[in-house]
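Okay, so chain A shows up in both of these, paired with chain B first and chain C after.
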Partner chain A sequence: MEEISALLGGFAVAITPYNMMLMVVGIVLGVIIGVLPGLGGANGVAILLPLTFSMEPTSAIIMLSSIYWGALFGGAITAILFNIPGEPWSVATTFDGHPMAMRGKADEALVGAFTSSFVGAIFAVILITFLAPMIAKFALRFGPAEFFAVQFLTFASFLGMGRGSPFKTLASMCLGFALASVGLDGVTGTLRLTFGHEELLNGFKFLVAVIGLFGIGEILSSMEEGLSFRGAHAKLKMDAVIRTWRQLPRMTFTFLRSCIVGCWMGITPGGATPASFMGYGLAKRFSKNGRNFGKGELEGVVAPETAAHAAGTSALLPMLTLGIPGSPTAAVLLGGLLIWGLQPGPLMFVEQKEFVWGLIASMYMGNLVGLVLVLTCVPFFAAILRVPFSIIAPVIVVICAIGAYTVNNAMFDVWMMLVFGVMGYLFTKLGYPLPPLVLALVLGDQAESSFRQAMLSSQGDVTVFWSNWLCGGIMTLGLVLAFWPLVQTVLEKWRGGAVATPA
Partner chain B sequence: MSHAPEVQEERPLVSTRAADIAVALLFLVASAVVIADSMRLGFNWRPNEGPAPGYFPFYIAVVMALASAVNLARAVALPPEGEATLTTRPGFMRMMAIFIPAVVYVAATTWIGIYVASAIYIAGFMIFFGRFALWKAAGVSLSIAAIAFMMFEVWFLVPLPKGPLEAAIGY
Partner chain C sequence: MSVRSLKASALVLGAALGLAAGPAAAAWEPTKAVTFVIPAGTGGGADQMARFIQGVIQKNNLMNKPVVVLNKGGGAGAEGFLEMKASARDPHKIIITLSNLFTTPMGTGAPFNWKDMKPVSMLALDQFVLWTNAEKNYPDAKAYIDAVKAAPDRQFKMGGTGSKQEDQIITAAIERHTDGKKFTYIPYDGGGKVAVQLVGGHVDSSVNNPIEAVAQWRGKQLKPLCIFDSKRSTHTGKITEDMAWSDIPTCTEAGLPVEYQMLRGIFTTSGATDEQVAFYVDLFKKVMATEDWKAFMDKGAFNETTMSGAEFEAWLTEAEKKHRELMQEAGFLAQAQ
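Take a look at the complex of A and B:
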């Protein structure tokens, strides 16, 4: 198989002592980021991005993606030991993880969480290995109309598969698009929405938005709740590993279900957070032990963790093959690739073969190294949370400020970070989802220009998006997803009929 | 009202409904701004040029306005009694304890550089919010500032805003 040999070549690129060292550094940083409130995968990678500018692209992306793996692992530690989800996708892990810890089975919960994270991630990486080259080859024939259709599908799936109010999702997404259109218009060179302010010439930097929305927003919520860490003790003996692993084979179907759900949610940008909830919900419904869920069932830790990691990892598939990230963190990685002069998309698989396969190989290695690291170093990472919050909070604000400044060496961005921080807090509190906003901010320019190119080539005829089966199929699927919440409400009302009182 | 001092009542400050209405209104304002500017740029079809620069933002803003109108209507329709609380007074005060100094910190960065400002910010928060002893706060904040300085200015050569102190030591 062609992929296997390409992958072996990739391993040769990834496994150099230097790259392995970066991997370890990245994962350790990532776990720390995942453990700390206010720093997460997306803004953590965004803040550390400038430090990698001097590196070679392959080494840089290995380090950055390792940070991402680390953050995915790290979220589980705080969820289980402290009942504080370090990341939004580990909320579902707290349901059973923390009860287990309270019953003195913290070690088993941690081993279960890490192992299932690893399984989910590896499943997704295998999927990427074999699916990515195919999709890339296929996408080489894409024109502007097809690209717009895929982008449309991306955003429509937020509406169709999101939790919460679709109108809030829509508003949040449109705000992202509106912010993306600020600055120089790429097609005609006209200034838009700048109102004579020079700082807005280049538009809003999405990295600044990510740092503010997720970082400062999270710190504000943590302050509001008056965080105090009261945790279970983390002692991990090696026999816990064996003990837990012996229990895992009977959960094969839970693993498989969560892997599939996770990959689906990751590729279509449903994201890791809804994937983890879906994985948990499905396991609860189908498992023999479903009734014990919420009281400290190992399977209740395995299901959401597997799904979250499968989603988090497979979010890189559309990013690499189509240039359309499946999650905010994937969007930040995409931003990094652009800065190094690499244009993600189908052409990258032809022109930057070594880079792509090096990255994919590093995904296998990174998750393996990550698993070993977290299994051996849990007490160290848990100790981070013993640092008083009144030290952690201002330090994180400082780190965010430095990160926002280094994006463009501008104090204006640091001010914007504060504004985005307040926005992030309010939006999270009121149920406006942040990922659609971030993705719209990243993809806005691209989506707009492919739309305009397609429309120009057809002389303003909208049917260009249905000119062939592929494009038409994607667009139709997108429309179905976009209007799905509406269809659902109508169906429910219709089915409820006379019984239901008007809500 | 008499309460045991350690059981501080979390008195509601802002209701979720009020915040929902306010945010929906802000969304409408943002839509109006975008629509106004798109009208200036034109949102029509131009021969040989395709959609005018205002075309895409215009329709985006229209959709945003419609969605926000629905959000507004839903928020207004919620019963005001027994409503959920967005934040409580102590919760809000705690947030402001980190946010207002952060604003001062960003403003000060322009004058005294990011390292000195960071040290003061961290130390201040530790002393006033965390009730740390002065020497502990000074130790932690100065070492963090020093590490950041070494990392950015010396090792990774990423220049950050500097003030008179850094100038005095030759940076």
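Take a look at the complex of A and C:
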């Protein structure tokens, strides 16, 4: 109960007209940052950080964290409308969000995405409010072997879920791994696969690839299909919010599963992007509607969005209690804390009570304000689809190009984006799935370093992954998930062709 | 403050500090926004310092054009340095350095050298401290090194940031004094992460910068054994109940004669004229004179050595030589060299 009174004290700090104004400004800026691909939350916060040096630390973090919430909300908008993920964690939102938009249900997809973002965030904040010290200790148990186990589980939850040939899925994933290995090898400190080209020093950046594969690829497909967005004829109805909310109670388990996955990934810290993929993968595997995923199922929007937002929010916990950032944006905020004269770490909750509880209170407020703001704008966002394709398509291409350029301020990335665009188009035409490639590109690096770090510390002994219950448990779960489709097939055959119901 | 009075005050200040060779030295001013390149990712030590400097310049109106911060950390910073090399004629670019100024070209063979840029100032030297988990309770650095000597080869794990960079170089330097016993060096992608891995007992020691591990020190999770400097820290404010940075013995005192500091310096492009370099030298003098800067130095327990001009160039030449020796000995040099 101590937490409740501390939290109320926090609300008193957060709810002043000045702080509320900063919150709204932050969220609006964040949504804009989230919508523009390339200009991610981390960059947005970094750009505005110097402006906050003369502010009170509590006001400053309220504004900057509001930018973060805004960016988490905003990433979904272009993902659903144009198949361009504004942020890495909205890639999984495109899988079902964009098909929904093409079926004229853009408004429902948007409402679903925003609402589930809110649910995920609130779940994570409640967890932070009551369990912060305990969770902080748990995160300390994560060494390289445990990190690899979690990354392995993410891949496993995604394996074998493609509708097409499993070999095409494998080919696509391997190409992703190959692309992810270009650039500096963090473990040996040498350059790989750059062939002496300075442009390749940085490797293939995930966002550039994604903007090309999804955004440009989509434009190419639309052009082939007669220069029109199929969602253009959607009638604008003002009751989208109620219509969507009515469908949500059916998805309680998906919400719950994604919340847990998200918080887990945010704290450990795995990050919002793997969390969204894992949330989607698990929902597809275990939901009754799993078979329809990818064709425009509301549940396929809810699952990744909930997980991403839960992860994004809980990522702030290891930052406050341990001083390790759970996400790139948290890393920038961490720098901010130091500059404002606050020392994140084990003593933060003791020494900076007012600041910490002010921040936690602002998480509740910020997400609520954010939800109201973006929900009121849904009809406006959905109306963008009514603009004729011939006008909107060049605008999208320009936004994509700016986004790709912003990632590293390099013209080379814009050309890469176009190459990836053509690749995305060909992949779609030939029936190769894009998600495994994208997943391998975003997680390949991290999984590789964790694996090699674990191997270094165990002197090459693979059993290190089963050296304790935590790590061994996650690895075993991963193996079960990876081979689940195989087990299922065997079971079906064994039952003499009777249809086995997925667990 | 108008641009004119700002110029005037810059002139007065420049003259007052006695830097200017003549009135012409402060005459150049940026005609467009100055790009401040960080050869590292967001959130690290160099990034924090650069963004802090940007804030100080803005807050105190030290320049009539804005500063734009740009992270170019690809290829262990090679991306940022190559950009500086390629824009030799644009004096509106400055870069902050970390040890990768030396280690990246030597370790990866990326084609650049500090001589491809023009040195402006050394702002400070970042310290390194030998940390262990507080629960292990090694009384001093000697006891820890003795434990390493007594254990089987590679049993002790040293966590550090990056590969073939400062942390691993220090580790290699420590291994000169462990009777041939090696550490298993485990590279992580950030200093904060290393400190947490040490608290969690996944590695046995680290050589984190003060600011990366101070929180865990105060929380009684980590214990500093010694500082890799020739003299003790000058920061005497109490950090924990009974210790200040200045209470940590130097490693040499503790029987481990290893010294290493990391340059936090500013460079501009190689085509910059003397006037242009003088402008930046003066600008950073003003930054370093602010109260904010002093507080920042205190927080990170920096070694506050600063220099510019010929003295700085001599220091750089010496530091490059030292890095080459250390890396040669540890076998970190790229094959091309």
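The working rule: the second predicted complex is superposed on the first by the 271 of 503 C-alpha atoms of A that agree within 3 Å, B and C clash if a C-alpha of one lies under 4 Å from a C-alpha of the other, contacts with A are read in each partner's own complex, and residues count from 1 in each chain.
Basically, a contact is a pair of C-beta atoms (placed from the backbone, for glycine too) under 8 Å apart; a residue touches a chain by one contact, two chains touch by 3 or more.
All values derive from a computational prediction rather than experimental measurement.
In the overlay built on the shared chain, the residue A:Val332 is in contact with chain C alone; chain B does not reach it. Look at A:Tyr364: by the touch rule set out above, it reaches neither chain B nor chain C.
Within the superposed three-chain model, A:Ser54 lies in touch with chain B and with chain C [touch as defined at top]. Contact with chain B, but none with chain C, is seen for A:Leu193 once the two complexes are overlaid on the shared chain.
Of the two partner chains placed by superposition, only chain C is touched by A:Leu201; chain B is not.
In the superposition on chain A, A:Asn409 makes contact with both chain B and chain C. In the superposition on chain A, A:Leu456 makes contact with both chain B and chain C. In the superposed pair of complexes, A:Leu426 makes contact with chain B only, with no contact to chain C. Within the superposed three-chain model, A:Phe142 lies in touch with chain C and out of touch with chain B [touch as defined at top].
In the superposition on chain A, the residues of chain A contacted by chain B and by chain C overlap at 50-51, 54, 185, 187-188, 190, 409, 453, 456.
Remark: chain C residues 41-43, 47-48, 51-52, 54-56, 58-59, 69-72, 74-76, 78-79, 82, 107-110, 154, 157, 162-165, 168, 184-190, 192-193, 195-197, 199-200, 202-203, 211, 214-216, 218-219, 221, 292, 295-296, 299, 332, 334 touch chain A in the complex.
Residue ranges of chain A in contact with chain B, taken from their complex: 50-51, 54, 165, 167-168, 170-171, 174-175, 177-178, 181, 185, 187-188, 190, 192-193, 195, 216, 219-220, 223-226, 388-391, 393-395, 397-398, 401-402, 405-406, 409, 411, 414-415, 418, 421-422, 425-427, 429-430, 432, 448, 451-453, 455-456, 460. Touching chain A in their complex are the following residues of chain B: 16, 19-20, 23-24, 27, 30-31, 33-34, 37-38, 41, 45, 49-57, 60-61, 63-64, 67-68, 70-71, 74, 86-87, 90-92, 94-95, 97-99, 101-103, 105-106, 109-110, 114, 118, 121-122, 124-126, 129-132, 140, 144, 148, 152, 156-161.
Against chain C, the residues of chain A that register as touching in their complex are 42-43, 46-47, 49-51, 53-54, 139-144, 183-191, 194, 198, 201-203, 318, 322-325, 328, 331-332, 334-335, 338-339, 341, 343-348, 408-409, 449, 453, 456-457, 459.
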